[in-house]
Each structure stands twice: as C-alpha cells, then as structure tokens.
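In this document, chain identifiers A, B, C, D, E and F correspond to the written order of the chains, with residue numbering beginning at 1 in each.
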Amino acid sequence: MQTLIDKAAVLVEALPYIRRFRDSTFVIKYGGHAMVDDELRAQVAVDLVLLKYIGVRPVVVHGGGPQIGATLERLGKASSYVEGLRVTDDETMEVVEMVLGGKINPDIVQLVNRGGGSGVGLSGRDAGMLRVRRKRVGGQDIGRVGEVVAVDPGPVLAAAAAGYIPIIAPVGVDDDGVSYNVNADEAAGAIAAALGAAKLLMLTDVEGVKDADRKLLRQLSADDARKLIAEGTVSEGMIPKVECCIRAAEAGVERVHIVDGRIRHAILLEIFTDGGVGTLIAR
Amino acid sequence: MQTLIDKAAVLVEALPYIRRFRDSTFVIKYGGHAMVDDELRAQVAVDLVLLKYIGVRPVVVHGGGPQIGATLERLGKASSYVEGLRVTDDETMEVVEMVLGGKINPDIVQLVNRGGGSGVGLSGRDAGMLRVRRKRVGGQDIGRVGEVVAVDPGPVLAAAAAGYIPIIAPVGVDDDGVSYNVNADEAAGAIAAALGAAKLLMLTDVEGVKDADRKLLRQLSADDARKLIAEGTVSEGMIPKVECCIRAAEAGVERVHIVDGRIRHAILLEIFTDGGVGTLIAR
Amino acid sequence: MQTLIDKAAVLVEALPYIRRFRDSTFVIKYGGHAMVDDELRAQVAVDLVLLKYIGVRPVVVHGGGPQIGATLERLGKASSYVEGLRVTDDETMEVVEMVLGGKINPDIVQLVNRGGGSGVGLSGRDAGMLRVRRKRVGGQDIGRVGEVVAVDPGPVLAAAAAGYIPIIAPVGVDDDGVSYNVNADEAAGAIAAALGAAKLLMLTDVEGVKDADRKLLRQLSADDARKLIAEGTVSEGMIPKVECCIRAAEAGVERVHIVDGRIRHAILLEIFTDGGVGTLIAR
Amino acid sequence: MQTLIDKAAVLVEALPYIRRFRDSTFVIKYGGHAMVDDELRAQVAVDLVLLKYIGVRPVVVHGGGPQIGATLERLGKASSYVEGLRVTDDETMEVVEMVLGGKINPDIVQLVNRGGGSGVGLSGRDAGMLRVRRKRVGGQDIGRVGEVVAVDPGPVLAAAAAGYIPIIAPVGVDDDGVSYNVNADEAAGAIAAALGAAKLLMLTDVEGVKDADRKLLRQLSADDARKLIAEGTVSEGMIPKVECCIRAAEAGVERVHIVDGRIRHAILLEIFTDGGVGTLIAR
Amino acid sequence: MQTLIDKAAVLVEALPYIRRFRDSTFVIKYGGHAMVDDELRAQVAVDLVLLKYIGVRPVVVHGGGPQIGATLERLGKASSYVEGLRVTDDETMEVVEMVLGGKINPDIVQLVNRGGGSGVGLSGRDAGMLRVRRKRVGGQDIGRVGEVVAVDPGPVLAAAAAGYIPIIAPVGVDDDGVSYNVNADEAAGAIAAALGAAKLLMLTDVEGVKDADRKLLRQLSADDARKLIAEGTVSEGMIPKVECCIRAAEAGVERVHIVDGRIRHAILLEIFTDGGVGTLIAR
Amino acid sequence: MQTLIDKAAVLVEALPYIRRFRDSTFVIKYGGHAMVDDELRAQVAVDLVLLKYIGVRPVVVHGGGPQIGATLERLGKASSYVEGLRVTDDETMEVVEMVLGGKINPDIVQLVNRGGGSGVGLSGRDAGMLRVRRKRVGGQDIGRVGEVVAVDPGPVLAAAAAGYIPIIAPVGVDDDGVSYNVNADEAAGAIAAALGAAKLLMLTDVEGVKDADRKLLRQLSADDARKLIAEGTVSEGMIPKVECCIRAAEAGVERVHIVDGRIRHAILLEIFTDGGVGTLIAR
C-alpha cells in the first residue's frame, strides 16, 4: 500500500506541471498497440478526459494501417509498397478514406465519449485544412499519397474552443480538391506546429530513442537526433517518426515526446512526472 | 434582356428578406436529383455560399441511399426492406457508416469548398449529438435503424459559429454508444428543431405538396397537412417526408419548405422571393 | 412577366455586393430631380431604408438651391452671382441657414421616416464638424461662402452608430464660429473622405460623364477625369461636380459614382448590379 | 477677498453633489433673460461645459417666442393668440420651424461650442422623437400647435453618449409626419421624463414659486404645488410652467427646479449648493 | 521506490478534484504545531502555493495565543481567563493587536512569500470587515473579546482576485470602531461562510473527531457532530472548534475539515485524495 | 456670509481640476501635526473621502516616529541615532514593526472608516512590495534601516481598484525576506513613482519651501530645488524631505507638493484651488 508521504510527493511533483500546461494544446498521435489493446484504449480515453479536466486541450491524430489493409483484402484488392509507402490508386484511396473517415475515426470518437469526454471527428479535408501535394518517392509516382504543404487549424480550434476533443483522420487535399492519403506521424507533426501546440506526444510501440548502447535517451535536441540518424544509431523503422519529431520541434512545438504507448496511462505519466516515459526531443 | 426596372424590383423584393434572415440558421436537407446532377450540385454549392455571404448560417443534412446500395452490392451483400426501411445488420451498418462518413460526406464538404465556402463534415456520433433508440417497424426488429430521441446541437453550433458550413451525415448513437442508420429527413427535422432554425428546406424531386386536383399548394398549416394525409391526398412516397415537416413545424421551426430541387438555385428562390418555389408548411 | 431564372440571376449577381458592403458607409449627395419629383423622392427613401436593412450605413448630404432662391425672392432680396456662386451677405446667409436647417433638412428627415427609416438632421455647425474658411473667387470676396478645410465626423458617426440615417445640411463654420454657405457637392465629398466611406454617390440629372463622342463612360480613373476636363470634354456645368469626385477619390473614397438620379431606384441599381448606372470614378 | 476657510467650505459642500450626480442626465429648459443677455448667455455655456467636465450629461431644450414673432412681423404676417397660445396656420408653422431649427437652435449650438463644449442640434422631428397630437384649446382648433403624447429619447441618447450636448428645438410631429409647434416647457418636461433625468432645471425670469405672502418657497411637493395653484397663489403666467414641473415630477424626474435664470451661474449654484437658487418641486 | 503504476493511480485519483475545485476559495485556519515547527511551516507554504497553481484561491486565518502571552509577560502584564477566554482590558488589547497585526501576520506573509507565493496581510479592521459585538461569558464582561456578527469579505476578495494569498489576523471591530480580540476558529468559520468557500480546513494538533471508541470518524453530518457533543464524546478542548465547524457548515460552507496539521502536506492530502486526512463535517 | 457670486467663483475654479484628476492616483504622505491634532485628523479623513467621491484614488503612506519612541521607552530600550536615523537593532525592529503595523496603521484605517471611507492597511512586506537594501550612513552600519530599491505596486492597485483607500506602513523587506525600517518620506516618494501618481502631497508642519528672504515659494523646478539646497537656503531639517520630492518628480510624479498640514482641509485646498497651499515641485 502506498503511504501518504508517497502520495504527497506525487502531488507536489505534478501540480506545477498542471499550472504550466493550463490552456495549452497537446497533440497526441494515436496509433500502434494503444489503439488495439482494449485496456490500453480505455486508459488513453481516461487520460484524454483528465487532460480536459485540468484545462489542457488535447487534439488526437490517428493512423489506420492494419484496418485499411484488411478492408482492401476483403475487397480482393492487392496492396503494393514503395519504400514502405502504400501505392494508392484511386480505388484504393476511396477505400482508405472510407475506412479512416467512416470507421476508425468514429470508433475513436465513441471511445472518448464513453470515457466521459466529447469527441468530434474531423478529416483533413474539412475546410481544406490539411493541404498537400502529391508525394514522389525516388522520382516515382505512387499515386494519391500526399505530403503536407500547409495546415489551416481553423476547424480544430473551433471544436477545441467549444470544449470538444478533436479526433483527426489523416486525409489531405490538394489545390484541386483531390484527396490524398497522408502519413499520420507527418500529419500530427504539421498540425501540432500549426496549432502552436505546447507538446506533441507520439504514442508508439517502443520505449523511445536509444543510443548506440541500446540505452534509452530521456532527452535530446533536434540536432542530436539528426546526428543519431546520420550515424545509423536510429533503427530503420524509427527514422521517419524521428524525422517528423525533428520537423515539429523546429517548427515551434516546444516539446515533442516519443512515448511508449504500451505503458498504462503513458500520457499522464509523460506529462506530470519529472522523469516522463520515453524520449523528449526539443529544439 | 432584363431591364433595369425588373432588376430593381427583384432587389426591392429580396432585401427585406435579407434583413429578416440575417443571423438565422437554415437547415437544408440535401438529397435526390440535386445531389446527383453535376450542374445542380454546383448551384446548390453557390446558393449555400451566397447564404453565408449575407449572414445566414446554412446547415446541411444529407442522405445517401443509392451509393450505399451500390457499395453493398459490390461487396456481394443483399439488401432487404421492411416498409421501405433497409434491414440493417451489423455488417450492413458498417458499410452504411463508411459510405456516409467516409465517402458522401467528404464529397459534399469538397463541393462546398470548391464553391468558395468552407464545409466541415460531422456525423451524428460526434459528441453523441444525434441520440437514437432502435426503431421497431410493425413490431419487427429491423436491426440498426434508429429513431431520433434527442439532439445536442453543440458541435453544429461550434462549427457554424466559427464560420463553417456544417455538413451532417445521418448516423445516430444509442445510450450504449452503438451507431444506427437514421432517415435523413427525420435527422434534418430534428436537427432543425434543436437549432431553433428559422427555416428547414427539404430539397426533393417533386414540385411540392399538391391538393386533390393535383394543384400545387403554396402554403399549408401543419393541421392541413395532417388532414391531407388522412384524406389520402398525399402520395405514399411523400407521406414520411411530409410527416417530418409537420413534426419540425410543431417543434418550433418557423417555416418548413418542401422545395423542388430540380429548379436551378431553388434555395435562393425559395428564400428571397415572395412566391417561393414549392410548399411552405408552418404551424 | 419575369421568369424564375431571371430572378435567380439578379440575386446571384447582387448577393456578393451585399456581403462586400456590409458595415460600410455610403455617402449620398442628394439633389436635383430626385429631390423634387414625388415618386423619385419616395424611391430614394426606400433605397436608403433598404441599405440600412442590409447593414450599410447611408449618410445623406443635401443641397437646396431653388428653395433658397424662392425664399429670398419672397423676402424681396435680390440674388447675384460670381462664377456661379451666390454672393452671400449676412442677411442672405441668415435666410440660407433657415431654409437649409429649418425647412429642407427636416423635410428629408420626414421623408426618410415615412419610408420606414429613422432620419436625424444635422448641420455642419453641429460640434463644429464642417470647418471652413472664406472662399475667394478670382480674388473677389463674395461674402459668407465657405470652402471646406476640415471635417470632424463625430456627430455623423454617433447618429449612424445608433442606427439613424444622418441627413446633413451643407452649412460650415469658421474658426470664429461664423457660419457659411457651402457647396453641397463639396461638402458631400469632404464628409465621405472624413468618414472613410466605401462609396460616394452623387445623384444628378445627367446620365454620367461622357467622352468626346457623347458616349457614356462607365468607369474612369481620377487622372482620366482630370484629362477629360483639361481637354474640354466635360461640360461647363459638370466640371465642379467632377472635380469634387476626383478630390474625394484621391482623399481615399474607394468608389465615387455620378449616378443618374432620374432613374427609379438608381441607388440600388448602382450598388447591386455589375454594370451600375452612371460613371464610376476611382483612384 | 475670500479666505481659504470659505473656499474649503464651498468644496466640502459641493463635492458630495458631484459624486451623486456623476453619470446623471440633467435637462435644462433654456429661455427668457438668460437666452438674451450676452453675459448670462456666456455663463450658461460655461455652466453646461463644467457639468460635462464632472460627468453630468446636460440636455438643453430651448424656446423661441420673441424671434419667431419678429420674423413673422418682418414677413408681414399678423399674429393672433388663444389663451396665450399662438394660432399657427401652415404658413406660420413654416416660419416657426425655420426660426427654431435654422436660427435659434444653431445659435445655441454655436454658443456651447464657443464655451468649450460640443453642441449638436436636434429637432423633435428627428427620428420622430417628439410625437404629438393637435392641441385643442377650449374646444377650438388653433392650428398646428401640438401636445406631447410620447417621446423616443433615442437621438438624444446617441448624441449624449458620444459626448455631445444635445440642443433640442421644440418641434413635434404627429402620426402622419406633420410638424407642430410645441410649448418648450412642456417639451422639456416630457423629454426629461423620457430620459429618466435626475434633474429638470427650468430657467425663468422669476425667483421661484412664492407663497401667499410673496415669500420664496425653497421646496414643495407636487401635491403642494397643485394646492397652491388651486388656491390662486401661483400667478397666472407661472401656472403652465408649474404644471409642467408637476407632470415631470410625477413622471419620474426626481428633482424639478424652477431656477432664476437672471442669477449668474444659476445652474451651478442650484446643483452644487445645499440651498440652491429657486424652488424645488419633487414628488 | 514508487512505481509508475502507483504514480499514475495518484494522478487519476487527484485530477478530478483539481477540476472540481478550480476557481474555488478555500479558507485555512492556521494554528497549532503547523505554525511552530519549521519543517511543517515550510510545507504549509508549499501547499498554499500549489493550491494557487491549480486555480484554487487559498485564504489564511491565523491565531496567535502563545506569542501574545509571551509579549504580555515581557511587559509584566498578568493574564487571567474566564472559561478559557483571556480577559482583555484595553492595555492587553493594544498588545494583542500589535502582536497579531505587527508580528505574527507579517511573519506568515513572509513565509508565503518565501514559498513562492505572494501573501498580503489583512486585519479584520480593514474596511471594517470583521464586525463584532462584545462577548459576554456567563453574564460576565471579560473586556474586549468580540463575537462575530457580520463579515464583509470585500478586502479579501480584492486581494484574492489580484492573485494574492490573503493572510487575516483575527481582530474585529464594533459599530463604534473599537477593536476586539476574536477567536481564530470563529473568525475562520465566519469568513469562510461569507466568502462562500468550498472548503474550510481547520489545521489542528489532533487526528480529527473520534467516536466513543476513540476511532477516527472520517465524515459526519452537522447533526451527528452536535449529537456527539451532547453525548459527551467530544473532548472538552475540541468542543468550541467543532461548534465553529458546525456553524460554518450550516452557513453554507460545503465541506468543513478538521485536519491533522502534524502530517506533512496535510492540506494537499486532504484535498486531493479520496480518503483525506482528518474528519469532514458537511451539512 | 459668503455670497452666491463667491460660491460660483469657487466652483468655476474647482470643476476643471475635478475633471483633470478623475481616475488619477494621489499619494499622501501623512505625518506631523495633522496626525496628532484631533480636529485636523478628522478633516484629513474627510478630505480623503471627498477625493474618493470625485473619482480620485488616494493612497496614504504614514510615519510613526513619536509612538515608536514611546513604546521603546516603555520597554526600557534606549534609542540612539546616527545622522538623524534611529540605530535599529533586531529587538528595536520588532517593536518598530509592531507599532507601525499593529497600532498606527490600524488607527488610521479606523480614522478613514469613521470618516465614511473604507481604509485597508498594508505593509511594505505584503507581497514583498517595498524592496530595500541595508542603508549605510557614512560607511556605518546602523542596523535594520532600509533604502528603497524597488516597489511592486500590486497590492496597492488591487486595494484601490476595489474602492478601498490603501494605508501603507513604511516597512521594507530585503531579498532574504528580512524586514527593515524605512523613512516614510522616502517610501511615499518611491510608491508615488511606482504608481505613476499624478500628485504626491507631503503633509508637513511648515508652510513650504522658502527663498533666501524667507518668502514662500509657490512653485519651483527640481533643478531649482537642488540649487536651493546647494546654496544652503533650505533648512537642515527640510533637506531630506525636499530631496525625496526631487527624486519623485524626476521619477515621473507630475506634481509633488509640500503642503502645510496645519491648515484645515489642506489637501482639498491644494488640489482644487489655483493658488494651492504650499510649494509645488515639478520637473
């Protein structure tokens, strides 16, 4: 059993953070294990609602990889990839958007509502808020995969100002109104920057960024992170994620965290303890 | 060519309506021909944007019948009906929600954006705003078809107050967070009532309500409308729509219009001319 | 009879102007035929009130030539002119002010009130708002005729902010508090500039400015207008009026219109149609 | 020379009144000697401006008897009276309005401006603010003489709220927009009541109301005043004025003063000394 | 070492309280051991400052028994008591007020300032805020000992609204401006009621209220507390304190706590844990 | 007896000052005869309250020399001085603070309350507002005597904004939270500067500053004052006071007055008469 002294210590540690972050916006990239495991899902919802309680405005950006693949398969549509990105023809894009906007997004909205909050689903197409251009990978056209060129945070601000928790599907739109699939980490980073978020939390299935000795790094600068990538210390799979973090930090997000989404209440612990859980990247 | 005198007359006729409706909310049930024909689609978008110009807050509720059927067919899923309502098992509901929320809704958002406005897509699940219970038809369970029991207009107000045109998919949610298919006319009527809308415009593919001699009725009271139904004067297909109109009028929507969506700029003409186009039902 | 298509076209044409001009101030120089003909008078009142309806703040500056002459004649007082300007001794000035402030001005206030608006009469002496100095014509003193040196728009703003339509008599005041007769076109131009008006509409008894071939010019720049005067293309009588327009345009009034006041609802047509009626002078 | 002790006593006496009346409205009926004598005129202007200094909103209602008569005479127009009221045919009314609105009113505006304030002239016709009906005297029609039936204080409030001193000419208007001559005392009383004025000061050429022994009464109730009239103690000429005061007091004006306008700075002395100058009538 | 799971549990427990109490006022009666022990003193200061961090407005009311006695002794002034209350002659009162207002109060202000807050000292004499009458004990006059009859919380609200932590010395004033010594528990209760405080925390040197078996009662109603006193279960010394708590609860303070001030961070633990420390008395 | 003309003249003289000083802050250094003589004390209270009436915010800073000496004597504590400053050991400082904060300050609060105002006592320790460092006199340490290094006017503003009259005891605090005795003139000057006061009034027991011929100087510049000191014209005892005035004037206090506190209502007379009483020092 936890003693009163311990409890008091946690409170004395946490309360200054509560003051610091009141009226701040936090963007949470939601994906991986924490989006699949039922217990973790419920705890994420609780964390989001508790953030609202203490005056933080959480904004969620979600991914959707596995479910998109499953639906495509069910429709007998083969998937192909270039450098890890799905080649997205028009038919695929139609499925992507239906799954993201018509299945995953409302499910997360529902999760938040059940947790005691009020989620409102948004897509990057709303009011043209996630403006993209067609991405080229090694000079190759891989179809309707977009890279973000601008974000108009208007619809997010409107929902958040009214007390809702915005849940955003990573669909973008080009100047002609054509929709595109966007990497969720990239979308989260760009949205955090546009919102002037105080924090970006990337929920992942790893402990954080590690050094050459596989030791977890608690904090590193954007420059350090870049160096680690150049030195080959960052694992292949983590590189794009870390690059999104670097860009967000450089675009003005004060504190970008890679958080281990497999830990219970990882969001609260990252925010309200001195040590945090995971790696902080800050300019 | 139209003379200056005619132009002046149109303006003198229209301007008082502009004053009257400034800062009012209009709910437009969007469906039928006007949602399919490309030219009419573009004119609807123009009308919505012009309404915004003069200080009216338009709110769109859309249906989606044909596209849902097409997708179900493509997935090899047979459709069955009871009293004109689709029997909706869980698999069907998943498709319904994906098509409404992930296809039709973002397409209308895009249409409005192209017309110069800023559409924001919403679903009745957002913040649990369209609360329903399972509908029973002749004592029979037809699956996840909901009837509206309450509307929380919060998310619509938040989007409209921020200058956006809310585009709402008719998906409802019960007390346990389960989603349901909702008839779009019914959703539009309930939302209009909850918003205290000054007008509800039902875009349809008929001229309006007609009397026993097939003569178009320009205006009738809710009681008259009920009488026409009782007398068998209203065609079978129109009865549910007229009943939604009656309920909306009785729930406080000042003016409910059944508008012929096949006429170009039908929305503007209904609003800004003394005669209007179609039938007005008012308590 | 006018068709629905035509009506819709007028509305589609007019509504963007309504948005553009909302919360703008328009100064209308009211004079000539439109001030004498009873039907035109009533239509001017309707136009002013409709402008209020849609959020424009109309401000009226009126002249008074014929009535002043009539009253002077009745008092057995001869009139004499230098370069078209009335020689104004003290006794004449007393009559001028009584007719402008005690007869014409309240009559226009009444006209506006009858049309459904709320007119409030003002004189350039109120709060010393129309500051003038004694005008010299060809080195000659012609008595109490003033040229405007400064405008304090305070009383006009106060009345307009409270929802009234200010009706202003063109009487000025010098630094010693002595009152002067001021040309109404000049007063209207100076007041429009001081108010930062979006439009100045000069109601006259001509179609507009014409080129050397007597063809109506729909639009010309201040420089063009000056050139036309220099070339002798502008008729003698129109020169002072066009010069007032040029000065107003150069002092920041975005759009200055010479409008044919003999056309019914000339004000509405000028504002809400693409073609307008008359000549637009803009910097 | 006045000693410091005396000065301090005046201040200690005056300052509480300054607090009490801050943000109050005072209506001053301006007429008689104080409107003719140049020194008194200048002191009235100073008093009005000093009231503004300390946060009181003065509103002036003026009469105009002698000047109207003079102008009519000059025009060869005979005057006739019924029970002291001028029989006012249409031609006479035209002259009345020109003199009040085009001569006396702007002269007082000028007086106030010279004294350091900012006067704005208003007429009871502005926005139809002084609504009257035709007065009948002993069953006899005496032409365009009106009795007040309603006051809309809007234009006065607009001018006062913007920091101006409203100067009001006692012209009224009936439901058909026809203008009428109104007794200035009556107009002042009705305007004071409509404004919820804290004080109405009637500047006159007498010391105040006196008792049967010709002793000045410093204060009396509305009922007392009525009794004095019934007993014949009030002089013929004062009766209508005292009746206006009674009506104003009963309509909610807290303190109505009959002030001797022949005393220098009578307005200040009435307001800021315990004794006042003249007679106070209060409900 | 405390695990992450424990930390998360404390946060999940505490955050809802933080939301609930944001913008509430808490009155802390500060006395006993916690006012003497240096470590406890520092922790009280930290607790007060942390409350400020999360939007609670703490208000401190302090006692001063021992220091007053010490000073009186030093001045060679004997102390006598009636029913536990100090007999307070004028000379004694002068000393009381000097010690409370000139020594203890500024020392607590300093303590709070050192802890990172901004304390502002107040006395019940400020703006006459603690209005008392002379207390009679068993029909006996014991001098300048007051019982509270009214509280004007104005000065406390002004300081708190400006972000300061008000520190109040329990000196009262009667209608003639004479100052009185007031029991600090009584003052704290009356001030909490007047402020509409959400909580009153009485820091004492006991665990709380106990039942007949000497078992700590975590929560009891005002009626229960009264019964305990009547039954003789409450110790003599605690009775006046419990009575102050009852009165405060009945006067509208939602939650009154008797808190063991000897526990470290007792204030935080009482507020942010489900169990609390001590006894809650609530109507 | 004073005539009406005299009264009017006083008002015409005073009212412009009332406008000028509305919403200004005046700091009054209160000491000397005016703090001892009962009649003068009552008049000072009246003056402060009247200032509040007309929208001035008075702030009082008081001294306390004689009473501190008396109490020290009573405690058998000898006083010693270096260059006119009391050598202040810790025990002395404890007494100083008790007398200033626990006796003189609440007495003035009470005086103001009795006069109809609402005084709130403050000490320079509140929120650390009067920051000082240890003063050295001729290289000698004289104990806890502080010289002001910074003022945070927060607590004064909070009290004044809420309508209270702040009464400040001249106790300062150093960076370590140790309290110091501060010269009241110096404290008043520094506080006036920090508040951006429009006036600082130093109530003293002299007529003002005099020239070499012992003639009272009504007004002098800071430079002139410095010159007078250099020339030896200012008496020894007045030098520190005049230096405080010079510093306040140079720190931005528009008008610094040395006022003869022995004159009745000296504060009012200084402010609201053209001549004033005493000497004005202005940059």
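Here is the rule we go by: a contact is a pair of C-beta atoms (placed from the backbone, for glycine too) under 8 Å apart; a residue touches a chain by one contact, two chains touch by 3 or more.
Computed from a predicted model, the values in this text were never measured in an experiment.
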Could you tell me which of B-C, E-F or D-F has an interface matching A-B, in the sense that over half of the contact pairs are shared by residue number?
E-F
Quick one: report the Å distance separating chain C from chain D, using the average Cα coordinate of each chain.
35
Just curious, how far off is chain E from chain C if you go by their C-alpha centres, in Å?
74
Rounded to the nearest Å, the gap separating the Cα centres of chain A and chain F is 61
So how far apart, in whole Å, are chain A and chain E when each is placed at the average of its C-alpha atoms?
48
By the touch rule stated above, which residues of chain B touch at least two different other chains?
none
Start at chain A, step over to chain B, and keep going round the ring; give me the chains in the order you meet them.
A, B, C, D, F, E
What part of chain C is in contact with chain D in the complex they form?
74-75, 94, 97-103, 105-106, 109-110, 113-114, 118-123, 125-128, 154-155, 157-159, 161-164, 171, 173, 177, 179
Which residues of chain A touch chain E once you look at their complex with the stated criterion?
2, 4-12, 14-16, 18-19, 22, 46, 50, 53-55, 263-265, 268-269, 272-273, 277
